[in-house]
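Encoded as structure tokens, the structure appears first; notes follow it.
We call the chains A, B and C, going by the order they appear; numbering starts again at 1 in every chain.
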């Protein structure tokens, strides 16, 4: 069977991995940071109860939240809750949302792109029109609109992110499938009588999968940032559940005298995003075709 | 060139119509009874019924949509539930306010980003630093950056006002935030395009013609860099407008974005729909504008299908 | 033509300075020695063809003379254009002198012209920057320059962009740019290679006309012996970075002395003889990789006349026949 068509599995093996024994430093740094955050997230319950309000010790005699130190390494927030504990729980939430919505948006997007690229014709037109609309939407506004029809919580955020993010991988996969078609796999397979699904599975899927693996760190980075933005705008996860975004919106009014309430979750978001971005850069080293992807993660 | 413009216009109109239909349909998914939203304290079912009749809420969907669309074409976007004013009068004055911020933000991102890209291309030593700056800016969510700038430049250094308003002084921080967030993208495009141009045969021709380096950069290279940068502005529009909305909330800039967010929280449906429609029209219009400008700047794109 | 020879026979000491005189030029790209100690003269107003295959160093030599090599290239030797010693000039000085002394015609006109600027403006800027003309003056001069290269309707063409012109028109624009300020030397890097045969013929015809009217000397790089025969007064053959034969075109074609030149001409003869089915002559072997330079004559591995001395010593250019004809060969003369 492999006599006529070139074996795509050989194409997929990244050219760099055999020659380059040295792992790229962004990948190592990114994975290390991510692992540390994951560790914190998993260990979150050990830190304490994020919703426990201690109005006596948390808030001083003037009613202002306690500063950093002692039992409150990062201080207390305006309701007397321990900022550090909430931070760790917030990281847990961000990671969970990022990983789940990353998976769902990529799976849906890649499927759409594959179907559109393989079947062409009216299916392609329809799917790509939807994709175009998805790409053109101002995603914050659209997210807010969707948020208005769902009740607050993690499910809402994951749904919003999935709905607004799937069109990017769809477009990428579509383009890749079209490109692969010009290399003759598809025609050769069809000439040999292989059915649609077989061709998709054996010839297109490996390329698309490797491309999506390279794209997912960037997608996850965007998901972290978008969840934070949504929660900040009260369109994602609302208090009392701790999310890095809503911690910032809670702490915003106290920014002049308790800046840590904003800086700490802000830094946490940055660190998480950076970790994913670094992993994304590192993964590109294995597949130089994807150099262009570095700036498409928006 | 005219044909390409008309094609885009047509697609744009189709997109706007699609958005209008979607926004209208969303009505029926949003929980809550419009009649109750208008008169929250009304108790008698008769009052609520009469309100519903007034709003034609009992008519079939198609009729309601035709109604709505007809009104739209006449410039009537409905009436706000909460503020009891025509939506159009709420949105109208804010158009310019948001417009000013958006324009300032674009200028900022092109200048900051372009500047970083040019610096990185021309001065090798700065390249690593510029990369680090870019990576940081990419990793920071827009509202975090905005708050940080507010904290440092506003509160700690007192260099910018910290209270709301729409004056020139208040424009600085939000525009700067937008500019910094968008900068890495422009930096990358400008750097890529400059490198390509500098290595190209036509720059060699220009050198052979005895033109000075500065002249070549200014008159030859920069023109070639403009085209992809403008394309980026057009492509960028959707996410850029998202950024504008968020920045308006962070800095309490009284524009359409802030209006939309507040109305959403108050479930003031007509206002939300109005802003979404206005937003869609704006995206289409500016996309078209960006395309036209690009065709002017890069003659190679004029004949494209 | 050789380093030792004086100006062409018959000219007195008050002769016009040669358009180009290159002495002992060496070009290195890192470890690769692309041009070895080459010396070349282009007499005023005459056409010198620089012949060689890819990798022979012909482009490097020409670009080095024009100072258009990337900064990673190391160039030593002396270059003088129209009597002005330019190899010693600093960057800004050379730049100022350059447009008035030297015009360049590139091989790929599409890539060599700025795609987003109308061609008229690209020609005009030479006048604006170097001849101090204002915007309208430069524009007029540009239109006149386009008319000189036999472009019909030059005013309309001046407003067009490079991608709107045909290949031949673009090449004419390049020629107009090169000749705009009437420089004494024009370096042309295979300008007709990328054109189809009929356009090539037109361009060559144009160059022929322009030669009559101008005093510019040409250094014409090519690998096409037909172009050499039609256009050039003198020819220099390069192989593996060295000039291995030089002389008048008549001498080279009638009595080639170096076996490589003979091989080139034989190939051409076979192509044109029209004997269908007869095998074409091919110089056996292939040129050395750039930078790889064994001792002795670089052509030795492919030469049917090679002897012991060829392996030991790199042959210097020695006269072969008339005074301006020289070949770098231990056994020059008619082939075996």
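We take it that a residue touches a chain if its C-beta (ideal position, glycine included) is under 8 Å from a C-beta of that chain, and two chains touch if they have at least 3 such contacts.
Everything numeric here is computed off the predicted structure, so don't read it as measured data.
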If a chain touches chain A and chain B alike, it appears here: none
Chains linked by the largest number of contacting C-beta pairs: A-B
Label of the chain whose CA centroid is most distant from the centroid of chain A: C
Separation of chain A from chain B, taking each centre as the mean of its C-alpha atoms, in whole Å: 23
Gap in Å, rounded to a whole number, between the CA centres of chain C and chain A: 58
Euclidean distance of C-alpha centroids - chain B vs chain C, Å: 55
Residue list for chain B, restricted to those that touch at least two other chains: none
Shared-contact residues (touching 2 or more other chains) in chain C: none
Of chain B, residues touching chain C in the complex: 200-202, 204-212, 215, 219-220, 223-224, 227, 297-300
Of chain A, residues touching chain B in the complex: 133, 135-141, 144-145, 147-149, 221, 225, 228-229, 232-235, 248, 252, 255-256, 259, 262-263, 266, 269-270, 273-274, 277, 294-295, 298
Touching residues on chain B, where the partner in the complex is chain A: 15, 18, 23, 26, 29-31, 135-136, 138-144, 147-148, 150-151, 155, 184-185, 188, 237-243, 245-246, 249, 257, 260-261, 264-265, 267, 272, 275-276, 279, 283, 287
Residues of chain C touching chain B in the complex: 66, 68, 92, 95-100, 102, 104, 106, 108, 111-117, 125-126, 129-130, 161, 163, 174, 177
